[in-house]
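Take a look at the structure set out below.
Chain lettering (A, B, C, D, E and F) follows the sequence in which the chains are written, and residue indices restart at 1 in each chain.
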Amino acid sequence: MPFVNIKITNEGVTSEKKAEVIAGVTRLLQQVLGKNPATTVVIIEEVPTDNWGIGGESVTARRKRGA
Amino acid sequence: MPFVNIKITNEGVTSEKKAEVIAGVTRLLQQVLGKNPATTVVIIEEVPTDNWGIGGESVTARRKRGA
Amino acid sequence: MPFVNIKITNEGVTSEKKAEVIAGVTRLLQQVLGKNPATTVVIIEEVPTDNWGIGGESVTARRKRGA
Amino acid sequence: MPFVNIKITNEGVTSEKKAEVIAGVTRLLQQVLGKNPATTVVIIEEVPTDNWGIGGESVTARRKRGA
Amino acid sequence: MPFVNIKITNEGVTSEKKAEVIAGVTRLLQQVLGKNPATTVVIIEEVPTDNWGIGGESVTARRKRGA
Amino acid sequence: MPFVNIKITNEGVTSEKKAEVIAGVTRLLQQVLGKNPATTVVIIEEVPTDNWGIGGESVTARRKRGA
């Protein structure tokens, strides 16, 4: 019954990769915590780089200056 | 003053339906918990089916195999 | 399959009231959006009044000055 | 290491304004709580006005009736 | 730089198990999406069973009737 | 009408510091985005260091080894 929310920057992750993440997290919670995979929910949110800040600046700005 | 976040799969819910959900949740919290509707916030987030996983696979994949 | 997160101030809501909220939100999403109640998840988070701000001040401070 | 999630209505906020918000929140948490800006994450989510409810109605509806 | 929020029912998960979940999710996001583990944040939230609803009733109620 | 959620590690932040954060974030969103402070909500969540992971390990573990 766990609920997992994964936020990543929106940079073209494929459906296949998303499916791998969903499968992997679900398996991990089953193996480590004994959680039932049938009711494990995983939601992936893709955030534009303008809207994601770290170190006081946006990821867009960091990428531009090569950080 | 409650804050309600509702996540659903992104499958063409109309503005009218969203308005009904907003009105209904606000009324419920007033009736059950005595919360002031004026400051009750309800946010609906629509998530692509590729990004929503349950049972270890995406909703897209489940739909394809008729689950 | 919806996921609902409800944040309220931590002020002694009983288990019975919480159960009413869970049942009511689940029913609403079934009636309005046709969502399957079996996979509808509702999580209630209770937040201390010191940690909840509105209008630039904490709920604790507002209560003290009778707002 | 704080994580900050800011939800606002989706109404054309510029990248420059978003950058100001990211910088400002990061600085505030450093000044008030002594948090390391290098690991402070700020995520801005822009929500369509149809999906944001307050007072039991959507922001779209409120705007239409001049509220 | 991903941010992962995991909500589980509050039922005595040990620090060791939590550490395994943190390590496992971080490794998965590195392997599948190439994310830098140094800036991957994982937050585990433990929710009382009274506050977690599924199928229209609380987990507390489900456990009581043996569901 | 913005909604701000701030997650920090649970390490004894005083009510006064929390009030400063609430006031500061509310003021910032008014100055930068023109948001109405009366309806700006700020919620602070304090997370145990066992439940907060970064770099693949918990903050508890990092503190122990002096990271």
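We take it that a residue touches a chain if its C-beta (ideal position, glycine included) is under 8 Å from a C-beta of that chain, and two chains touch if they have at least 3 such contacts.
In this text the structure is predicted, and so the values were computed from the model without any measurement.
*Asks:* Hey, which chain ends up farthest from chain E, C-alpha centres compared?
*Replies:* D
*Asks:* So which of B-F, B-C or C-E matches A-E, with over half of the contact pairs the same residue numbers?
*Replies:* Match found for A-E within B-F, B-C or C-E: B-C.
*Asks:* Once you count every C-beta pair in contact for both, which comes out on top, A-B or D-E?
*Replies:* The greater number of contacts lies at A-B.
*Asks:* Measure off the straight-line distance from the CA centroid of chain D to the CA centroid of chain F, and report it in whole Å.
*Replies:* 14
*Asks:* Centre to centre, by mean C-alpha position, how many angstrom separate chain C and chain F?
*Replies:* 20
*Asks:* At least two other chains touched by the same residue of chain D: list those residues.
*Replies:* 1, 3, 7, 21, 25, 39, 41, 43, 52, 54
*Asks:* Help me check something: in the complex, which residues belonging to chain E touch chain F?
*Replies:* 15, 18-19, 21-23, 25-27, 37-46
*Asks:* Would you tell me which residues of chain E are touching chain A in their complex?
*Replies:* Within the complex, chain E touches chain A at residues 1-9, 13, 17, 20-21, 24-25, 28-29, 32-33, 35, 39, 52, 54, 59.
*Asks:* Sort out for me which residues of chain B touch chain A in the complex.
*Replies:* Those residues of chain B that touch chain A are 7, 47, 50-58, 60-61.
*Asks:* Quick check on the complex: what are the chain F residues that touch chain B?
*Replies:* 1, 3, 39, 41, 43
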